[in-house]
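Read through the structures below before going on.
In the two complexes that follow, subunit A is the common piece, with subunit B as its partner first and subunit C second.
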Partner chain A sequence: MSSGILFYLLAFLLIGSSLMVVFSKDIYRASFWLIGFFLIFAGLLFTLHAPFLALAEIIIYSGAIGVMIIFAVMLTGKYAPLELNGYSFVGILIAVVFVTELVLVIKQVPEFTNFAFAFVGGSNARAIGISLFSEYLLPFEIIAILLLVALFGAVVLTMKRGSR
Partner chain B sequence: MISSTYYIILLLILLAIGAMGVIIRKNFIIILMSLEIMLNAASGLFVVGSGITGNISGQMFFLFVAAVAAAETAVGLAIAIVIYRRKSSVDTDKFRSLKR
Partner chain C sequence: MSSETIGALIFLVKFLLLFVVITVFVLIATWYERKVIGHMQQRIGPKRVGWHGLLQPVADMIKAFFKEDSIPRGADKLFFWAAPIIGTVFAMMAAVAIPFGPPVVLFGRVITLNVAHLSSGALYVLAMLSLVSFGAIFAGLSTKSKYPIISAQREVAQVISYELILSAALLNSVIMAGSLDLTKIVEAQSHLWFIFYQPVAFVCFLISMFAVSGRVPFDLPEAENELVAGFMTEFTGMKFSLFYFAQYAVIFTVSMLAVILFFGGWLGPSFLPPVVWLFIKWAFFIFLYTWSWATFPRYRYDQLMKISWKILLPIVIVNILWTGFALQFGLPYLH
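So, the complex of A and B:
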């Protein structure tokens, strides 16, 4: 099964890169591993038959958010000490308990094997566009206002005191 | 054959790794990166649900979560820069007080 091999490869790369983000001692390397995580996640979205979302993931996350995080890393000092805090054991314990509990629940859910998408209107991007401008029009406008407010907020927060 | 259960378990593992990063790391920017991993995993679960039900709404949620994540990252990194300007560090145990 070629799709099985592809899925396991993507899973290995995703878990590995996210662990590198969490446990990396160097903050530059963590940010680059995060960009790699986003790109591999786009591959996972391709295997889920969501090509529009995969391209949006590449543009928004690994493009915009990745560049923004690298800028913040460069602005907030080069050599931040990166030791873990005192809650390491608690954090790992919570993660393990969380995964075990939810996997036990998910095991009881019936499985779906065919992700054969049959959306209205043919292609994925067309279906998303029609849905975005018909039934999700109000959330679309609200998201636009939210992005504008976040832009103003970022500018006002980083403005030097007295420079207005 | 890869079923939806495999995808759900993979995304739950990623969610747990992100939560672990938020809990155990000190650096504020690493915490924001772990938050991005958590948001990605959670919205990926929406996409899997969209594949199961054959409904496009899950994929719409992915787009909205991406927009909210962009806004959250912009404001969070602005806060990190302001904190670095005042405390010359972005470690979370350096800014316990809300006063200057």
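So, the complex of A and C:
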């Protein structure tokens, strides 16, 4: 099972890079490791026979989100070494809640490794498109509206008072 | 030899061939661009080394090899080493999926004329191109010196502007062909090139194409009369030339992509082999790059963001909707 070894290697790298994100003192370095994390995750999706998902992951997360993070840091212009402060307690709390939730969900799914194989056969992109626009149409539309609301929110927040 | 070994061997040979082609292109292009721009601006251009300066790139390369490799004291060493490598590696990886012709049968084996044949090749090229820009961004951030940081900031703004337009313009051809496979996209154009169906999408693609490769009129990150050399300012020797290599590799790939998506790839009258047709069309785009370099002024980056988000994005979205509508209802589509 060479793919099994590859999976564990990638998982190991994934954990390593995510630890680097957390423990980096420099915010640009943290974003560097985060982009690496997304890339390795895309590699993991490749080994699960989901090339379309992997490439979308690279384009959206490594490419767009990675650039957006750097852009946001540059825009705010607060370039200082990262240190633990009073708010890190909240972060730890959220992390603990999220991990417990994930563990509970994963325990319920009997064959967790097989979910990617549902998309195998023919074109990945076609299968995902069809299931998005038939089976999961409602969640898809709700997410779209949610993003639209976020967009409007950003515009309203940044609009100068009095300028309509 | 087993079938797998032969497959791996073919892969290796194709990769080396691609590498040689791109390296030769970079060498010739540096000479060609200086020469053509020189003549466009009523100058002579390089003339000293070799016949009409033809050996100039070789001389430049030798110089780059023997230059002292210096690292500024305050630089982030990780970024400083990683940035040129990121740029070059991902630019090469993007070129890997570009097909140079229809699959050929050799000794009973079907050999595709791209290094790696992917069923979602168009998406793959897009993904790799989106990663190339990190080379420039981290290079700008690495040295903590002022011009490179301004350059990195501009590069980020530029990526945010063009990436969406590039993907959306590319999507039009993908919808027309009904496939993400670059070979199938070319085959779908055997009747009529997509430029005749999708002129608007092509214009959007062309504009974002210049922005991707950071060329005039969108060479904001390395605006040499404002920012010294932008993100490359503190780099010397081979690292500096790696950035050039990455940029030209991106130009190579994006021009190929434009030909494949809109100009029928290797399709053409049969008196010339397909590969030659591909390179003839591709040469036109290379000339377009040089031409715009010699003639256009530079845009500011807020202008670039305005162009892409306020003008091009609505146009290209309407175009996608129209394409879907026209295909669904069989409107003027000759098939």
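By our rule, the second predicted complex is superposed on the first by the 119 of 164 C-alpha atoms of A that agree within 3 Å, B and C clash if a C-alpha of one lies under 4 Å from a C-alpha of the other, contacts with A are read in each partner's own complex, and residues count from 1 in each chain.
The criterion applied here is as follows: a contact is a pair of C-beta atoms (placed from the backbone, for glycine too) under 8 Å apart; a residue touches a chain by one contact, two chains touch by 3 or more.
All figures in this text were calculated on a predicted structure; none of them were measured in a lab.
Enquirer: Per the contact definition in the header, classify A:Ala56: touching subunit B only (first), subunit C only (second), both, or neither.
Expert: A:Ala56: touches subunit B and subunit C.
Enquirer: So, does A:Ser18 touch the first partner subunit B, the second partner subunit C, both, or neither?
Expert: first
Enquirer: Is the number of subunit A residues in contact higher for subunit B or for subunit C?
Expert: B
Enquirer: Based on the superposed arrangement, let me know which partner A:Met68 touches: subunit B (first), subunit C (second), both, or neither?
Expert: The answer is both, since A:Met68 touches subunit B and subunit C.
Enquirer: Which subunit A residues are contacted by subunit C in one complex and by subunit B in the other?
Expert: 52, 56, 64, 68, 71, 124.
Enquirer: Note which residues of subunit B are touching subunit A in the complex, please.
Expert: Against subunit A, subunit B makes touches at 1-10, 12-21, 23-27, 29-30, 32-34, 36-37, 40, 44, 47-48, 50-52, 54, 56-57, 59-60, 62-64, 66-75, 77-82, 84, 88-93.
Enquirer: Which part of subunit C faces subunit A closely enough to touch in the complex?
Expert: The contact residues of subunit C facing subunit A are 76, 78-79, 82, 118-120, 123-124, 126-128, 130-131, 133-134, 137-138, 141, 152-153, 156-157, 159-160, 163, 167, 179-180.
Enquirer: In the complex formed with subunit B, which residues of subunit A make contact?
Expert: It comes out as residues 1, 3-4, 7, 11, 14-15, 18-19, 21-22, 24, 27, 30-31, 34, 37-38, 41, 44-45, 48-50, 52-53, 56-57, 60-61, 64-65, 68-69, 71-73, 75-77, 80-85, 87-88, 90-92, 94-96, 98-99, 102-103, 106-107, 109, 111-113, 115, 117-120, 124, 127-128, 131-132, 136, 139, 143, 146-147, 149-151, 153-155, 157-158.
Enquirer: With touch defined as at the start, can you tell me which subunit A residues reach subunit C in the complex?
Expert: Those in contact with subunit C are residues 26, 28-29, 32, 35, 39, 51-52, 55-56, 58-59, 62-64, 66-68, 70-71, 74, 123-125.
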